Amino acid sequence: MAVQLMAVTVMTALVLTGSAFAQENGEEDTEAEGSGSEKVVFTVGDDNDIDSMNPAVGVEAPAYFMYALNYDLLVNFSLEDFSPTPGIAESWETSEDGLTWTFHIREGVKWSDGEDLNAEDVAYTYQRSLDDPIANWKSYLAQIDDINVVDDYTLEITTKKETPSLLSAYVYILPEHVFSEIDKQELKTFENYPDPVTSGPFHVVEWRKGQFFRMEANEDYWGGTPKIDEVVYRVFNNEDALVQALKSGEIDFADTLGADFFDSLEGEEGIGLNEASIPSFEEIGFNSGASETQPDSDGHPALEDPQVRVAISKAIDRQTLVDRVLKGHGIVGSTIVPPAISFYHYEPTEEELQTFDLDAANALLDEAGYEDTDGDGVREMPGGGEPLEFRYFVRSEENSSVTASEFVSEWLAEIGIATEVRALTDTKLTDVIYEGKFDMFHWGWFPDPDPDFILSVMSCGQRPPDGIWSDSFFCDEEYDRMYAEQKTLIDIDERAEMVKEMQRIVYNEAPYAVLYYDTTLQAYREDRWTGFTPQPSDGGDLLASYGPYGFVVIEPLSAESQQAAARESAGGVSPALWAGIAAALILIVGGALVVRRRASQEDRA
Amino acid sequence: MTRRYVVRKIAGALATLVFVLAFNFLLFRVLPGNPAQILARNKLLPQDAVEQLEEDFGLNDSMGTQFVKYLETTFQGNLGISYTFREPVSGLISERIWPTLLLIGVSTVGSMVLGLLIGIYGAWRRGSGFDVSTLGGSLVFYAMPEFWLGILLLIFFAATLGWFPISGIVTPGANFTGFAAAADVMNHLFLPALTLTLGLIGEYALVMRSSLLDVMGEDYLTTARAKGLRESLVLRRHAVPNALLPTVTLVALNLGFIISGAITVETVFSWPGLGLLTYDAIQAPDYPLMQGLFLLFTAAIILANLAADLVYGYLDPRVRYA
Amino acid sequence: MTTGIPQSPGDGLTPVPLAPDQKLPAPKRLQSPKQIAWTRRRRSMARTWAAYRKSKMGMAGLVILVIFVLIALGAPLLASRESISATGAEGAAWESPSAKFPLGTDNLGRSVLALTIWGSRISLFVGLVATVISMFIGALVGIAAGHMGSWRDSFLMRVTDWFLAIPFLPLAIVLASLLGASIWNIAFVIGITSWPGTARLVRAQTLSVKTRPYVERARALGAGNWHLVSRHILPNVFPLIFANTILVVAVAILSETTLSFLGLGDPLSVSWGTILELAFGAGAATRGAWWWLGPPGVAILLVVLAFTMCGYALDEILNPRLRRR
């Protein structure tokens, strides 16, 4: 017994030291000191963590956040509507034949280590992207034939074909003097930390994996001195903690909140809410013809008929889905280029619009000859063949797809189509789609501001096994012709026309039934900050991670509100009380041991 | 204990370890899907980058080569690279192991001490109100999912009353030092440790109680009583140490249960240890990480069992001289 | 002196002399060995039941179990199937308990009471199927090991020990993750990760049964393996492992709950575990939505408790070792 009690005492002592030890290896923060500091610090919270500071490697959203603030693009995406605006390139022109671009590089831009940023860096970055796999940058630059550094501030790029998408190259300019020292193998493991060489409005100064990273303002930034001194990006393990931290003032901005959490902040004092329209959408994809390229596929033949697909689309009440599945936080969907990319988005005409209309859907199916010959409520192929029973895959990791399926299945039952809903992990679903062994699935896309990529998904060449991106196995000759052409149109209005026409084709053939456009739910302390500028300006993302602008313009509301950002304790027994408990324990145990010792001495006698 | 005993036990443990390694390896080769493709779909990678990823993850070699490579790298301490964190699994594990050890350590000690005391007192005053209520309580705590208990504690003490923080290991944004820092950790530790302790207490109490009841009927105790010793002394000097034997090994045998508890409780409280790491691995799903954690947990249990066998062998004279 | 077929009440075995004017009744037809065996079994089951009835713990557990089984079977009558799907949600989201919704609503407006009622089906189903799988494999391995003995026994036990070394939850996580989320997969995973314990127990019982006289006699008479196992060993081992089976169900239900909570459950079905998973993920804990998080847990607690109590009670009756105390 004495041994056990001794153990307890020792344990208590160990716990106290162990706590301090564990803390060092656990979470810790070294935020700017509270009192006496005049630093303006803006803290963003999210439940996603950055995977790498190296722009060649990172793929998670927070990584793009870091890159947007630390690096520059040659040509930026404007705040208003993602259109090309000057970045590192002050201005540019194209030759008569449209094949030669001349970029005039801004003068006086410096890297954080003092070196000049000039055309050499741009040329190096672009060339390297073509030679080595740096993220997906090659896809933007694939048409480049030759890169020529005319002088320090003039760059000439020649392309094989007219390539307007060069202006939307999402390629961060890397410092040549740093990256030229790193070979292909090292590039993948290069940490780019500590002290990365950067040119953007902010510069990473501290990083604790899984906890936070801290960036200081670059006062000499060419786009203007940021009004904030520091930006901290803090990672939270769950949304409960994230929301609580926002409420208590520990963080200033909570990004990508779930609908329930977002709604719970409604009416909270000092907290502003923003439903940002982002270029992202979710769809039900149909197996529109995998049998052509994947011989082992087994999609239902009925889905190769566009009339069936359109009928299904008309049987889906998108508004209900937005209301019930997204809790109202979304926009009814139509075409594959989201309205957030307003310049290129095509809005279907009233006649074309696949509005929710069960009668019309039923009529379409009747017309096409899919009748319910045996009276079991399910239609069959024309001539009384296979019944219209579809395998409907949802993602087990995405609750909203499961919930949506409950609605969609019901509606489809009312037009005589039976569905078998199955939940798969993303991994398995990708396989299933690749092999064409599905009928319909629910997934989504988050396209670039430039529509080229999402348009490519519908091209014949992207169908497996030759391509990888097409998951509907859609193929249309006219569409492909237009796709190739729009890539070369320099006149953006002309291009927009063509892009819209392509969307119209896809919409009417319905390889996808686009359900809704997502919105990102953000909440922030409006009692402390102002100047938020959404991108795009029509209700977009306040943190504008397609460019640095968001952070250059955010400013504190007032000096006092900064002091008011008290570091509230997250609850708990005070240190004094713990000390008291520990002391009491030790006293009790020690006392008991002493008493015991005396008592047993008596017994021994 | 004899050397033969020790050698036999160690050999057995090693054999089990090898089996587990092979099992671990085979299990993950039934991998569905091409992980490179998965990453690619969401991240806009061109085909040659996908192939590069495939090579990185070593998915192109034959099964036999893969196994040999696997054994080699594992014994070197290399457990692969996590898909989601993009860093070595072994590094992740060594980062996150301390919070888990702290949580498990405190809970195990707490539940052992409290459980033993309750078991002893319950056996001593068998059939009393105390005994019956603690038996019932143990049963109830055993029957409920541990994480659910954690959630209830969280709702009540953290979310509603605000007595304790709702998650994490330290208060973010604070810069405590010294004792204040330790106190901060203890504040965060309290609820998760309480949850795990309550879950474990019942078993220790029950085992101690029945073990003690067994022992109390033995002959040598009758002798002690006849000598005139007080009952409490009989208990303390003779009964308890002998009844203690089964409980010693219980710690090791319970390790599996403790690990399961840690996984779910860390998830509930976002305690940044190996349990939460397991949960993150499930969500991805991050197979190298899962594989590494699985190996670690199993190896820990094998070692714990070995240690328990050796300790038991040392303590129990019957085994020692076998 | 035997006088014929006994007629007086009593234990039915002691011979009783006939009264002077009593006639011997016509002899009954001889029963076959099988019928004799079954009569014996029925009698012992009746005895067990009589003893069980005396156990307060056992009866309490049984009552709770019966209630839950009735709830599970009668779910369609108690709450409409539509009320648990998103399309049929009748209330506003996050409502606390009221007259209309005694247990409030979840984040989609569905009645928590309805969800808990329907959840009983999946939870119990998975628990039972997992147990059947576990008992089947465990019994197979255990009987084979115990009966065949020698190197086969050592080998099987070695393998069993190896599997015992693997911690349940991490293994279940890995398997469930690889196989994918569906009720059958979860049941399968739980079943094949919990057989070692059963195997050991069955083996021990097989060994003890093996040494009983009637087994030796049967063998001397030339009985083959199959006959021995099916006619002698299995029926005698079964009551001893029955109590253990009940306890395994309890653990299986807890396991399903845990796996579902971690996100490995079937997202298309409602079980107590998936309710808790959804609730926790939607922030019910920090919102203080105790009405959503409480009931499923209480249900699990009661069911597991009930199974455990029944199991303990049965164990005391059927397992002579414990009966002594």
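Observations
Going in written order, the chains are labelled A, B and C, and every chain counts its residues from 1.
Following the convention adopted for this analysis, a contact is a pair of C-beta atoms (placed from the backbone, for glycine too) under 8 Å apart; a residue touches a chain by one contact, two chains touch by 3 or more.
Everything numeric in this text was worked out from a predicted model, so none of it was measured.
Of all chains, the one whose Cα centroid sits at the greatest distance from that of chain C is A.
A comparison of the B-C and A-C interfaces places the larger number of contacting C-beta pairs at B-C. For the pair chain A and chain B, the distance between mean C-alpha positions equals 36 Å. Chain B and chain C, compared by their mean Cα positions, are separated by 27 Å. Measuring from the averaged C-alpha position of chain A to that of chain C gives a distance of 47 Å. Among all residues of chain A, those that touch two or more other chains are 240, 244, 397, 425, 428. The set of chain B residues touching two or more other chains comprises 32, 166, 283, 285. Looking at chain C, residues 177, 180, 263, 285-287 sit in touch with two or more other chains. Interface of chain A with chain C (complex): residues 239-240, 243-244, 258, 260-261, 264, 324-325, 327, 394, 396-397, 399, 402-403, 406-407, 410, 421-425, 428. Those residues of chain B that touch chain A in the complex are listed here as 32-35, 37-50, 52, 56, 84-87, 95, 98-99, 101-102, 105-106, 109, 113, 116, 158, 162-175, 178-190, 233, 236, 240, 270, 272, 276, 283, 285.
Every residue of chain C that touches chain A in the complex is listed here, in rising order: 85-87, 89, 93-94, 107-108, 177, 180-182, 263, 266-268, 278, 281-283, 285-287.
Contact residues of chain C toward chain B in the complex are 161-162, 165-171, 173-175, 177-178, 180, 250, 254, 257-258, 261-264, 276, 280, 285-288, 290, 293-294, 297, 300-301, 304-305, 308-309, 325.
Of all residues in chain A, those touching chain B in their complex are 1, 4, 7-8, 11, 14-23, 25-31, 33, 43, 49, 51-52, 57, 59, 133, 135-136, 138-139, 188, 209-212, 234, 236-238, 240-241, 244-245, 250, 397, 425-428, 430-431, 434, 448, 453, 468-469, 567, 569-575, 578-579, 603.
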